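Got a structure for you, questions after.
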């Protein structure tokens, strides 16, 4: 088993005819993912090396039974594409696009959240379930099947940590990049909840960074609901404090958003926090060798 | 993208948020002409992207032309907490009866806009929120239904303002929300929100942050983009579309992806080094972008060694290697480069570097190893 | 509230829905002046709140001033399916390449706005929808997120229009939705939606129904309120704020609440009578409203007997009785009134009627009994 | 038992200080309903014959534990008041106000429907559970406790039918006026679902009228999900067809919306339809005497 994407994933790619879109669609298909269709308005009827292209998601779903969408269109079109995928009844929407305006993300989030579809991203590297399916831009060659569930706000940092784990013999059940935007469609908590019930996942690794309070919220959730061991990493201990002009943000968050505060919140709930990606892997080894 | 007060007030006016009459000025002459036009007394205000202008002497009341000229001259060119004053705003003076606070901001935690209101404005509201949390009223707004009259009523009644102010303050909040959404703002903050002696309600200050990702649909806002307060490397980086933040150390850092770059800073610091910058080359960087990034890093004279930490996903390691080699070819620098390449096309990338065989190029196979190496080389 | 074509187009223009140039005219002189101004050929169009104007000769092409004068004269005053033409619209003639259909309407069943589009416009679309349902594309719009670009794409791609029309038609649909929402319309319909020979897209007709409940926030629309096509009783009732519909029979009906009045019509019909009207006195009617309602009913000379069927909730029966007695006192009519009062203050109401002891007043205790009685009295 | 309102109802009335609002609030209290508070902005701190008034619903809920709202404010303010009640966490919102703009109703409906609150109305007479609670303007004196659940689109017609039933000895579990507006917060189906599971209700009476397709939808639902006997009435057999200008409405509804079509749909699902209010009561008697 794995979470979110697996052998039953039937992927439809929005922006499949674009340069990056076609490259990664074919890459995902080469990995074994069922890439059943793509959407590019005005290019319906064409195909990308055998992947049929439709004008709308609705046509793509009707004709190819797609249940998962990957959104690869430029930011100007991405919110609309996500909404279209949802309207067409797609269960899981993975938005790779970076730079979607925040108010668009907010509307999309609040709309999707009240329906039955799930959104991962935007501004995320996608999801890899090694040996089963790869949806997105994660370089799959570095990862193999295994029992570590990895969830991360950052793309390349995910690869770094996954790589450190792989170096010590760990494989992954699934690797989920939730994206670094202020309003990710799914949070650490949403993904950790899935790992907790996934029989294949035995260890959960959370990779966070400064800003917001998603890690603090995750810490609380883990303390209350998660029985599996969790190791965390937080990037940005030495990052300079951001220049922010008004005071409203600081008052609302109630959190300093610093790496230290996040690490503290996690450790208070029994989550061990590695100070470097390498240390995360070392903790994972220790936990598996001597689970306490 | 932060706006200067006068720019924010321009947006406020457009959306019906009442503000005092005022005019921007770039010279003493313009300021005096504006003051004459607006009438006396008026206020000469420094326009800088930093708080605490008043305490720093950047806001002065002018009761006649002589004072206007004097203050404008004194404020222009002033340094306020590291920001030089290039721009003034001349505004009609208001008679203050009450000072409130109002803001809309993204609450990342609840993933909804948050409306904020307090009767304790004109002061450091972060302190108010800490010492007297009840004085800061906050309500979430569902972005799909928007700011409703009941939100305004909650804020104003719960804050306990006088009955005659409920409607005008409510109307101001509604207009402020409209500005927040329509202009793709991440923050709109009014401190103080003024009640005048004649019981009018006006925004006396304006702090507005615009979402840079949304600028494509606000061509009128692009001209507000300011390079004020940026250091030369930051300006160079922005011109090249790179994300760069200047730091105090001597180790130049380049990575792909903000998370990995932050992690690299941490690891270098743990190894005992001091980063000179944060530079995220972004996803899918082409050789040219890498070349430009190297130029930016090396334009900082403090840099004694550089660390490239790349884990390729969209980014292809061979492109990075090619960009780096081109840069070194052009710049002819002796600064040592420690390079760690992993991910997409890493073999090809490493091969290119090996082939070039430059004396100041030091390949490393792990992030930790690379961090240790660069600290050693930087001395 | 239905709008005339030229009024609808005025709203369309305001929201960016492209329409041909045109000017309204109330006289032949105005029409000729408009035609001169717009240039020839132009189209003279009867402005009435009923379809089928073209077939009835209410739309004519004028290729010069002489024809404009002639057509305007012929159309003004014309009777189109019971509607007299008081108003013209003179419009630049368009060269037709394609005729499409577009509309937004409330789907009561789904409780969402429905967007509709067809390439088979310019004809009876109800028939199209019946005989060729695939030709009518329909998508629901979530009112909380509004009409999105993908909705437009679905409609236009699924309808199979040419690639160069996807964007302009999509933009027109988005503007039409904006008009639908912003103007509180219950319906906006464009038939035909024209593609001209130069591949421009314009709304050649406009059918707009405005929600009367929302008029309070559209002061500019209130002047569009037309009394055209109303019979004298309906006009009287509207002036008095009553809901009245004229029918063909001889039994006047008054009740409180639309459901009860409809039910009363049914029961009277079953008892063999023919209602002369539908009149809902509404909830909480005061004596004065009842008096006015009686005036409206009796102003129809066909009325041979009247049935009052009241079940009081908010409405109080004593108020109804008082209003009825006052009316009869003022009007001095011999038309028999059958009165059934139940609900709030019914005892007091019945007592008032008994006390008055008028010869043409017939109290009944049940709805069915009252219906039978009024049919008997109406003869 | 009863549905929606009963002895546990704690009512807060929006517009409690208005003429009609205060009259009916006190009327409801006299009947035995717990009227715990009211809302009128600017009159917080006052009271209406002992009913405390607050400036906001949030205050009223916090201070008095209100779980049900009745909205009695003019149409200009009603949508906002409903949204406020929902935001304050009120479970059941009963909107009496007539004449709310349709687009407002549409937004309110689609918002509320995706949350956890229930809206009855607007433009409805409210809900009466005889012997337990009365919320709204239904003249309670005519109705007694019993086993007939009555749901109606029309106010006064509800009283008429209830009265005919009472005349034949039937009492009511609850009488629910869902209102006659195009976008009622709750449909026949929503209420019938509650009656179906309410142990006290033995017979369901549905009172519909021309327009829309709510009765047709109800017929389908009844055919599939309702085991209790249902009697229906439809008003408007002799109503003149409305004048509508465009064609879109007729195409969308797909239904003629006539009384005959509605009666036919109901009868096709085994629902007996009385042709007059009196006949409804006669059918009810027959069903109870000889339930087949």
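As written, the chains take the letters A, B, C and D, and residue 1 is the first residue of each chain.
Definition applied: a contact is a pair of C-beta atoms (placed from the backbone, for glycine too) under 8 Å apart; a residue touches a chain by one contact, two chains touch by 3 or more.
Treat the numbers as computed from the prediction; the structure is a model and nothing was measured.
*Asks:* Using the touch rule from the top, work out which pair, B-D or A-B, shares more C-beta pairs.
*Replies:* Here the pair linked by more C-beta pairs in contact is A-B.
*Asks:* Just grab the chain with the largest centre-to-centre distance to subunit A, centres being mean Cα coordinates.
*Replies:* Chain C.
*Asks:* For subunit B and subunit D, let me know how many angstrom lie between their CA-based centres, rounded off.
*Replies:* The computed centroid separation for subunit B versus subunit D comes out at 53 Å.
*Asks:* Approximately how many whole Å separate the CA-defined centres of subunit C and subunit D?
*Replies:* Once rounded, the distance between the two centres reads 27 Å.
*Asks:* List the centre-to-centre spacing of subunit A and subunit D in whole Å, with centres computed as mean CA coordinates.
*Replies:* Chain centroid spacing, subunit A to subunit D, equals 46 Å.
*Asks:* Give the residues of subunit B that touch two or more other chains, as numbers and ranges in rising order.
*Replies:* 142, 144-145
*Asks:* By residue number and range, which residues of subunit D touch two or more other chains?
*Replies:* Answer for subunit D, listing residues that touch two or more other chains: 107, 111.
*Asks:* Which of the residues in subunit C end up touching subunit D in this complex?
*Replies:* 2, 49-51, 103-109, 111-114, 116, 124-126, 129, 136, 138, 142-144, 181, 184, 186-187, 189, 191, 207, 209, 211, 213-214, 216-217, 245, 247, 255-260, 262-263, 265-267, 269-270, 275, 278, 283-284, 311-315, 342-344, 366-368
*Asks:* Can you name the residues of subunit A that touch subunit C in the complex?
*Replies:* Against subunit C, the touching part of subunit A is residues 41-42, 44, 55-59, 77, 80-81, 83-84, 87, 107, 111.
*Asks:* Which bits of subunit B are touching subunit C when the two form their complex?
*Replies:* 144-145
*Asks:* Enumerate the contact residues on subunit B facing subunit D in the complex.
*Replies:* It is residues 142, 144-145, 148-150, 153-154, 157-158, 163, 166 of subunit B that touch subunit D.
*Asks:* Where on subunit A is subunit B touching in the complex?
*Replies:* 20, 24, 75-76, 98-104, 106-107, 109-111, 113, 125, 137-139, 142, 152-160, 163, 180, 182-183, 207, 209-214, 217, 233, 235-240, 244-255, 259, 275-278
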